[in-house]
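Take a look at the structures listed below.
Both complexes shown next keep subunit A, but they swap its partner, so subunit B is in the first and subunit C is in the second.
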Partner chain A sequence: MGRILIVDDTLFMRTLLKNILFSGGHDIVGEAGDGDEAIAKYQELKPDLVTMDVVMPKVNGIEALKGIRAIDPNAKVVMCTAVGQEQMVKLAIKTGAKGYIVKPFQAPKVLEEIKNVLSS
Partner chain B sequence: MALVPVKIEKDGKWLVGKIDLQQDSMNVVEPFKAAIPYKSVIDLEEKKNVLIITVKGDPPVIYRIASVEKVLQAMKRFIAMSCSAYRLMAYFMSPAVRGGVMVTNATWEKGAIAVLKSTIWFVSQNKQVSVALKEVTSMEITKKEVQKNQVDVLKLDHMENTDVVTSYVLCPLSTLQILINFLKDATKDLEITGEELDPVAAQVGMLIYSGMDSHAIEKMLNIPYKNLDEIYEKLLKLGMAEVTQVRREVQLTPKGVRFITESVKPPTQ
Partner chain C sequence: MSELDAYRSLYIAESRENHENIVKNLLLLETEASETAIAEIFRSAHSLKGMSASMDFKGMERLCHAMEDVFQEIRNGKLAVSRELMDSLLVASDQIEAMLDDIECGGPGIPPNLDDLENELKRWIGKGGIRGGPESVTPPAAGDTSAPGAESPGMPAGAPRYSLAIQLTDTCDNPNLRAMIILQNLEEVGTIERVIPDRSVVEDGEFGRRFEVEITSDAGLDALKTIATTTDVLSATVTEGGRKTPVPASPPAPVQPLEKEDIRTAKQPEKVEKSREVKNIRVDISRLDSMMNLVEDLVINRGRITEIARGHQIKELDETLNMIGRSVSDLQALMMDIRMIPLSHIFNRFPRTVRDIANREGKEVEFIVEGGDTELDRSVMDGLNDPLLHLIRNAIDHGIERPEVREAAGKPRKGTLLLSARRDRDNVIITIKDDGQGIHAEKVRKKAIEKGLITPEEAQALTREEIIDFLFHPGFSTAEKITDISGRGVGLDVVRTTLESLHGTIKVDSREGEGTTFELLLPPTMAIVNVMMVRINGRRCAIPIHNVVEVAGLDTGNIHTIGGRETILLRDEVMPLDRLDDMFGRSPATEILVVLQHQNRKRTIAVDEIEGQQEVVIKPLSKVVGTVRGISGVTIPGDGEVVPVLDVNSIVSET
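Up next, the complex of A and B:
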């Protein structure tokens, strides 16, 4: 089980992910609504894993991923993308994302992916 | 070509038998005799390890056949490649995404797509995947990167047990357009018509999709059960959801209250 930081600009998606991850026994150590906040919270909270939305206002998920990797090259970040953002997925993986999930998602599969990334 | 062991259903009973698999037909040789030319097959469904083969006739004849995976694989391949269906040669990737998570090691398979009465078959030498048309949730032509090129593919979302699965079909765009038109026609009963969902109902739909139960949805959206029930009713009427269970809320009677009160009293010396 891990300490997880959830990054998404919509409260609805954050709440949904929080519920799913909590039901899987994970601790939600923080939430962020944009990339800047994500980098700051990562530095402050040092979570085991970050779920990161790709499309966000101000600093997007890819830039935030770069920022987090600059602080911690071993950071475990799972990107959350909407369907049809495959280019973003490729870019995220090149940038160092450890996994990716596509919205809309199903709870058991998300938990499986998170477990895989945490144990990698 | 090959005599294979099977179990075949006759008059509601499963009988041990043998089928001779040929290039253009399969012939039941035991426990009864029947010739099934592949081109006479109008539908092929798979349920667990049973193949349901519908052969044209008036009325159509249905065979239910069970066997080991290797035998079923050969049957599926022969039938899907030769039966009476809309068929095209294509590359396919199935499953590519399951429940929102990319399937690792998903690869393009070179084979054929066959659209039958109730099922779409993806068939290659090593893999046969069936998707019931009634389980298709959406389809669109989209771009996907293949060998560093952006190419047109058909993206097909469908249910597999309780998982939502995405599969891709790759072939020339003109063929994809024919395929999607054919599939749209074959699944027109599933098209959403009538009123659209309001934002809250759409959020409820998203939460159901993600596996949340009523209690979690009420808490997350901060809506009373009565409102949620109205949204459920709407989803049910639109054929977008089905009832899986009805949960009851109860309160204790005086007898129950008495029992609980007694049970928490410290034991008397």
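Up next, the complex of A and C:
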């Protein structure tokens, strides 16, 4: 059970993910629609975990990940990836992402990864 | 209605926005080589693809994927924007719109010429042919490797050496990414000596699903085991000095098909008649608000003309005005109706949530939903999803007991959770009722004292209801969860705040051992508010009825001054008395006392007279006026007078 910040530029994906995480017993402490907002919300809310979309307007997921890790080097960030984003996610992992989940989301897999990253 | 259908309207609305963004930027791109436009199109195509995949709209997913690939090429400078390319892209974007129309009408959104459309786009990336399926992955580019291990600092040379053999599951989506994460985590506790196959090969994903790692580490076998046993790992073996320790990985999570089958089988046979006629249009809720305001102006002016006509006694004019009156009323009713959607819109998402939570918690729950056809204003509905989810989750997490506990208490193994909605005169009432263990008031009391919210003496004087009300107190449950108090603390303050922002209220009734009932009272719409019209110092003022607790006679003998402030004793309760002199001037003839409440704080105001109750539209103060203390807006009843609406929240919150 963790306090989670959801970052995605579409309300649709945020809602979908929110309901999955909620049903897994997690608390959604905040949502952000772009990287800037994600960094600001991280600073403000200090969540246990962040789910981070890669492609977003203004500041993308990788930059946001860097920003968040600058605030908190131990931040647990899980990237949300889709088919065709492997290079970006590789970069994210090298930047310090702790896990990834794949779109379209499958609730059991998402919850398993979140649980594993939270307990790591 | 399947579970995914609940997301359909959100999908359509957001997809249309993305489509519009694509078209807008394509047109921009035709006139100038804008990097921003390219990035925007890529992002929108990418979002559309992701959302479509989640909804299982394969056609849309494929087309958007192709478009995304084209823009990836453009972004990488491998493809120049040309007139011909623009034509292809515009055709594709027209098709996206047509597909969205089809999906909105219940179709699958798969045009007969999908393959051609897709190939037309793929032609630009020199791929051609139909892609293998949704699983196919863009081939990884070479040369993106980091040096294989062996240089991590800080690890003494004498640290023990381990071998790990890790086998990933077949369902792992990106074995290379998973392997990278495992390697990265291992690196945090030791020095990786060798990866088999080579690390760069593993990172490029060309290693089947099995890889081995040799590592020197002081972390110990257990820690390595834990790191290696993570998501997507079928089995992991850790060896130290020839001793093998097989680690059974957690079984691969069962992949649930998200009930997508239902949609496919249900929708495919009925070939949807493709028509160009647009049956639905999407309208921003704020435009409906503006329309509502205009209708309201119409109502006011009709009232004034009626007054004028009365003075002149012209029969034809009276008749015409009556006709206008009816039309205006119908128009008003229609406007309200347009904004209403049935609660099933959000209720339908919950059975799945309940099942998941119950499974996770090892509880047996019978979930009953009633009154999903009750309608609520769209703006109210939007804010309701999260509070309801909170309450439902709390009910299962903390309310309903485990089957064996229930049996021991003489209850049926299966707990019952009822979610119901009904219309009651001017309100919509939503009830969430469980037959669980109820709230232990005694524990709440202890906790409230512990948290310093009340003193033990104060606590003694409080009733059970007042004690339970502490669950809604912001300071009561913070990050810490209070599972030992049959829960109920988690985020309830947030639930109350959200409901108040929707002009609603929440009540809780709980009996120890029998269960808990939450009752949410909501206005069906926020556009129209029920107010009490009063006069203070001869001036009219409106008070939202949901803030009014009671009206009583003002007995001046009961007014006492405490600490320089007037207070009033009403029955056994002492409450602050506010005459609102600074707003309305001192009234010589206040005879009536109105008790107001916000959250749990009460305050009284003195008024001259009560004119009655009325449904009004509250108009926000114009930007020119700005924010005014104590006033949330104005309303204009039939006689055309501008009446301020009291902002009870700010008045009560003032100390």
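One rule holds in what follows: the second predicted complex is superposed on the first by the 120 of 120 C-alpha atoms of A that agree within 3 Å, B and C clash if a C-alpha of one lies under 4 Å from a C-alpha of the other, contacts with A are read in each partner's own complex, and residues count from 1 in each chain.
Definition applied: a residue touches a chain if its C-beta (ideal position, glycine included) is under 8 Å from a C-beta of that chain, and two chains touch if they have at least 3 such contacts.
Since this is a predicted model, take the numbers as computed values, not measurements.
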Fit or clash - subunit C, subunit B, common subunit A:
clash
A:M56 in the overlay: touching subunit B, subunit C, both, or neither? Say first, second, both or neither.
second
Please indicate which partner A:K41 is in contact with in the superposed arrangement: first for subunit B, second for subunit C, both, or neither.
neither
Kindly classify A:K94 by the partners it touches after superposition: subunit B alone (first), subunit C alone (second), both, or neither?
second
Looking at the overlay, does A:K109 come into contact with subunit B only (first), subunit C only (second), both, or neither?
both
After the superposition on A, what does A:D9 contact: first (subunit B), second (subunit C), both or neither?
second
Figure out whether A:N19 sits in contact with subunit B (first) or subunit C (second), or with both, or with neither.
both
Look at A:K76 in the shared chain and tell me whether it touches subunit B only, subunit C only, both, or neither; answer first, second, both or neither.
neither
Looking only at subunit A, is it subunit B or subunit C that touches more of its residues?
C
Overlapping segment of subunit C (options 42-50, 78-86, 258-266 or 420-428) - the one that collides with subunit B in the superposed model:
258-266
Both partners, subunit B and subunit C, contact subunit A at residues 12, 15-16, 19, 83-84, 86-87, 89-90, 100, 102-109, 112-113
Subunit A residues touching subunit C in their complex are 1, 3, 9-13, 15-16, 19, 22-25, 27, 55-57, 81-84, 86-87, 89-90, 93-94, 97-100, 102-109, 111-113, 116, 120
Would you mind writing out the residues of subunit B in touch with subunit A in their complex?
97-102, 142-145, 155, 162-164, 203, 206-207, 209-212, 216, 220
Show which residues of subunit C lie in contact with subunit A when the two form their complex.
7, 10-11, 14, 18, 40, 42-43, 46-47, 49-51, 53-54, 56, 65, 68-69, 72, 134-138, 140-141, 144, 146, 171, 173-174, 176-178, 180-181, 184-185, 203, 205, 226-227, 230-231, 250, 253-256, 258, 349, 352-353, 356-357, 360-361, 389, 393, 397, 479, 481, 490-491
Can you tell me which positions in subunit A touch subunit B when the two form their complex?
12, 15-16, 19-20, 83-84, 86-87, 89-90, 100-110, 112-113
